[in-house]
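Step one of this worksheet: look at the structure below.
Per-chain numbering from 1; labels A, B and C assigned in written order.
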Amino acid sequence: MKVLLLGAGRSKRMKPITDKNFLNFLGKPLIEHQLELLKNAGLDEVVIVGGKHNLEKFVLCGKDLGMDVSVVEQKDLDTGMCGAVLAAKNKIGSEPVLIFSSNDVVEKSAFESVLEAFEKGDAEGYLLGKVVHEYFPGGYLEISDDGFIKNIIEKPEKGKEPSNLVNLVVHVHRDFSKLVSYLEQAKSDSDDLYEVALGNMIKDGVKMKAVKYDGFWQPIKFPWHVNKVFKFLFDNAKKTISKSAQISKNAVVKGDVIIGENVKILEGAVVNGPVYIGDDSVIATNALVRESNIGKNCVIGFSTEVARSFLGDNVWTHSNYIGDSVIGNNVSFGAGTATGNLRLDEGEISSITDDEKTPTGENKLGIITGDNIRVGINNSFMPGVKIGSDSFIGAGLVIPENIPEKSFVRGEVTLKISENNVDISKMSRDEMKKKIK
Amino acid sequence: MKVLLLGAGRSKRMKPITDKNFLNFLGKPLIEHQLELLKNAGLDEVVIVGGKHNLEKFVLCGKDLGMDVSVVEQKDLDTGMCGAVLAAKNKIGSEPVLIFSSNDVVEKSAFESVLEAFEKGDAEGYLLGKVVHEYFPGGYLEISDDGFIKNIIEKPEKGKEPSNLVNLVVHVHRDFSKLVSYLEQAKSDSDDLYEVALGNMIKDGVKMKAVKYDGFWQPIKFPWHVNKVFKFLFDNAKKTISKSAQISKNAVVKGDVIIGENVKILEGAVVNGPVYIGDDSVIATNALVRESNIGKNCVIGFSTEVARSFLGDNVWTHSNYIGDSVIGNNVSFGAGTATGNLRLDEGEISSITDDEKTPTGENKLGIITGDNIRVGINNSFMPGVKIGSDSFIGAGLVIPENIPEKSFVRGEVTLKISENNVDISKMSRDEMKKKIK
Amino acid sequence: MKVLLLGAGRSKRMKPITDKNFLNFLGKPLIEHQLELLKNAGLDEVVIVGGKHNLEKFVLCGKDLGMDVSVVEQKDLDTGMCGAVLAAKNKIGSEPVLIFSSNDVVEKSAFESVLEAFEKGDAEGYLLGKVVHEYFPGGYLEISDDGFIKNIIEKPEKGKEPSNLVNLVVHVHRDFSKLVSYLEQAKSDSDDLYEVALGNMIKDGVKMKAVKYDGFWQPIKFPWHVNKVFKFLFDNAKKTISKSAQISKNAVVKGDVIIGENVKILEGAVVNGPVYIGDDSVIATNALVRESNIGKNCVIGFSTEVARSFLGDNVWTHSNYIGDSVIGNNVSFGAGTATGNLRLDEGEISSITDDEKTPTGENKLGIITGDNIRVGINNSFMPGVKIGSDSFIGAGLVIPENIPEKSFVRGEVTLKISENNVDISKMSRDEMKKKIK
């Protein structure tokens, strides 16, 4: 069966991260992880819908996996999921298709379940119904007595959910052309033509079944989803320590880790898994890395702590605390700079997305940065702040708000210099020194 | 012999620490340590004089020690020591009594000496005379040729001390009712009625003897006395490491330590005694704790140094320097925050007590905090500063002065953001990286 | 052969370092290293030309080496090298002499080569010609076909150098009195009378030969030359670890090191050579020292990194980053203070010398300090900044510019204190704590 993999989204809500599909988890772009999952579920023919911004990069995907990947362009990205599916109209015809969005990270079993139901049953369509254990603002599947889907109710009032199954875009359509014709006729004022078309199909008696799924599901829409996706992908990956890695006998590596080629872990460093460390990276003296993804060619400098964070490639730290953060590529932090990752009141952290305050659902969140950034010494970043790409941040600053890309950020320095008349040469610390033991 | 233990003081000068009697040293309130000392000296019948603020808590004291502890209330706390003693008038009658103040921390031998003198001798009263080796602004005992106390001279001019014995309130009176009647008749404009009554007794020929004492004595009046009391109590305590404590083989524990249940000491941490660590606390990776009392359920986070400090329960640190400080309960410090514990000129540190500048006699002193405080990242506290309870302290601040309780402290942020035109993506650190070894 | 060692320079460009001749490298003043090099080259009779400011100190030099060192004063320091040589007029007469400046650090072979050429040849003078591999703004030696020096061309245009040999002041004159008479007759508007005299000698047919030298040469004119000189002297020194040094078994010492008497290296500390550590210094818990000269009686405190830096005696650090810096004697740094040692754009760092911006040729440079300085906590020094002697630097400051000597530097503190109404006592971190492992 062909997979229609929707990947044309512009990752607007992920800013300053550019394209989530090409964010490197465990040294590999997310899209490759998605393709591998599909392949492992027996799906190795994939049509990826891309946009102008990432089409060319999609062309190169799946090669190493030996998959049959082709690419179509969604010209008008404002046409949403409907437009994305229609972009593949000429690629798939009336064959069966599995539609999946690169926005969603799920287990292999999600695909296997719908495929199995499709093969055994005779409904026209199968929609993955994610079992939710608490209220979630999605489209709930209403199931009729005969077991078919009766309706999809978008964001019902809490307590009025028709089931505990939320529509997750792992959809199989037995005849793609039928979906296409419904999509072409669907009408809506908002960005929900695909859902409208599905509703019309159901109304017209096209048999659709829900396939229950109680496994992992993490949409990757906002930057604070990145670390959750990392953990899932890490758990599913093979744990290896490269033979070329040099681990000091005074360093400690514990828990599950993946350590790349030529990695150096110096004296007194502690790597406390789950941790991925990319090729050629250095974990320097007395540093601590825990529950994090470290890209390649990074230097986690002396006495730095990186905790629950995602670092891209070529990131340099130096006596920093980087907690619950997502850091792009080619970013460096000067000594003493720290990310605040807790509000003082330990409440939910908000972050500004496209000028709008977004609740993150997290009470631990550091910063999110783009690429190509140099941060000076002794800065203090407030939780949830985003730093745009290609920026310089001075020294000794408190950064309470998002910084636009291509910024040079300085503070104001007012020093009051008066004459010192104390004879410092007479001050001795010999007594203090004697007490050191 | 009954002990009259004076504990009604309001600990005003200890602020923001609330009641010194219930400050937990080695996991146990000071008052319990005092009771234990008394018991070890053979004194297990104690009447504690409390105030409205701590009476109920005193009621529960001494239970575990199997002591006979009863409690009386001093209604008017402005009546000082005289009022405190008179509060026990109906509790003790004309029996002998040992009067002792919970303000003073002394060795067991202090009690034993006066008891022995009382048993062997026939004077009406025995006052502990602390041998002082340099001038101390207290009440000096003038001894007559026949060995009895002739006079008590309050704060004589330096060089005019009548002896090297200072009156320390470990006093035995053979007939408590006689003291009571003198107290009831004493007259003074200031807060020294007890001393006046003693003087009147001596004048009237009531035989009083001094009992020399050259042991440890530390009044606990100001917060900077806390660490000295800790050291004394620690030295006298049994050193044990709980079997349930988990000490990494990469951690170092040296010197005398007491380590509680379920304590974890992680890789690279160093605990350099004298150190007490309360139950369920964590000394995290590469942290250093020396000469300190760490309460229970604390987390001494990555790369923190705690030196010569007293921490209450539920204190969290993270890449901090906490030196020569007294920290309350439920206090956390963000990464990079440091306590200044030395003046630049290394001179004597003053601290503001009740709006008045108080010389501390110390040239090393950090901060003193109340309970329930959250401190952000990269703050700088100046020596001797006090932080009131229930407060938030922002980030990147210099705190040069006391902060009242229930404060939310922020700084002013002025960022100057201009456009950056440097192409950071072209900057490579490969040459730097090669040099790491 | 007598050596005329020119050492009267006032080290103006080295400020706030006072006299480079007496800067202690590996625990010994530079001048002693220079004398030792001369002695090892077979030159043990030295006349040092000093100024009023250092004459008395020169008198004591060379004693331990058993050398015959005498001293003459250059009265007028404005007379430059010519004046310096003439100051020795009565000391040397018409003997041969080797002239060498204490500004230059070279290998022993530099002396040996000119001496050998002098002994074997019959020219009147021999000048060391340093082989340069890229353009250097010095005096180039033009060699005629018969092998003698034809001319010395000062700072020729790049590409128009007459040879790849630059005049380095390791000069032998067979008859000192001849040089003296030329010097006495030389005329110039600028500070180049010695060079003019040499030129006149050549013009008059006095035979001068160049002696090629392709070894180490480092002038020590600016503070950023100090670390290069350290490395050279270190490489040439015997590597020893004193028996009285105490190195914790949890510490790591690697690479080439020289460790003095009674040095203590505590748990978790890493010393990564080339490193010199002077007598009685302490490298404290979890500190890192690499490629640095640490003077005597220093304390490199908890979690400090000192990298590629030169520290004088009695320097105290504490959770600092000191990188690519030159630190005087009796200097201390409060916790969290860091030296910025890279510009954000990683470009060449400038430093202000005598009110003038000086390009340093370095893209890594920290700070340069004088003696007797106390720096508070959490300060941020910008690259290339100089701190004058006898100064105090407050806390939480950014120091972007040179600080004059005898300064007391403070910032402005503006705290905004409002009432906090959050009930912090209800905030629990128990869930966070459970996750620590």
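In this section, a contact is a pair of C-beta atoms (placed from the backbone, for glycine too) under 8 Å apart; a residue touches a chain by one contact, two chains touch by 3 or more.
Only a predicted model underlies this, so the values are computations on that prediction, with no experimental measurement involved.
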Interface check for copies subunit A and subunit C. Shared numbers divided by all numbers used: above half gives same, below half gives different; which is it? different
What's the rotation, in steps of 5°, that superposes subunit B's Cα atoms on subunit C? 120
Could you put a whole-Å number on the gap between the CA centroids of subunit A and subunit C? 51
Two or more other chains are touched by the subunit A residues 250, 268, 272, 286, 303, 336, 345-346, 374, 378, 392, 396, 411, 422, 424, 427, 429
Contacts from subunit A onto subunit C in the complex sit at residues 248, 250, 255, 266-268, 272, 285-286, 302-303, 318-319, 334-336, 345-346, 374, 376-378, 392-396, 411, 413-425, 427, 429, 433, 436
In the complex with subunit C, residue positions of subunit B that touch it: 250, 252, 264, 268, 270, 272, 282, 284, 286, 288, 297, 299, 303, 305, 314, 316, 321, 323, 330, 332, 336, 338-340, 342, 344-346, 371-374, 378-380, 382, 390-392, 396-400, 403-404, 406-412, 422, 424, 427, 429, 437
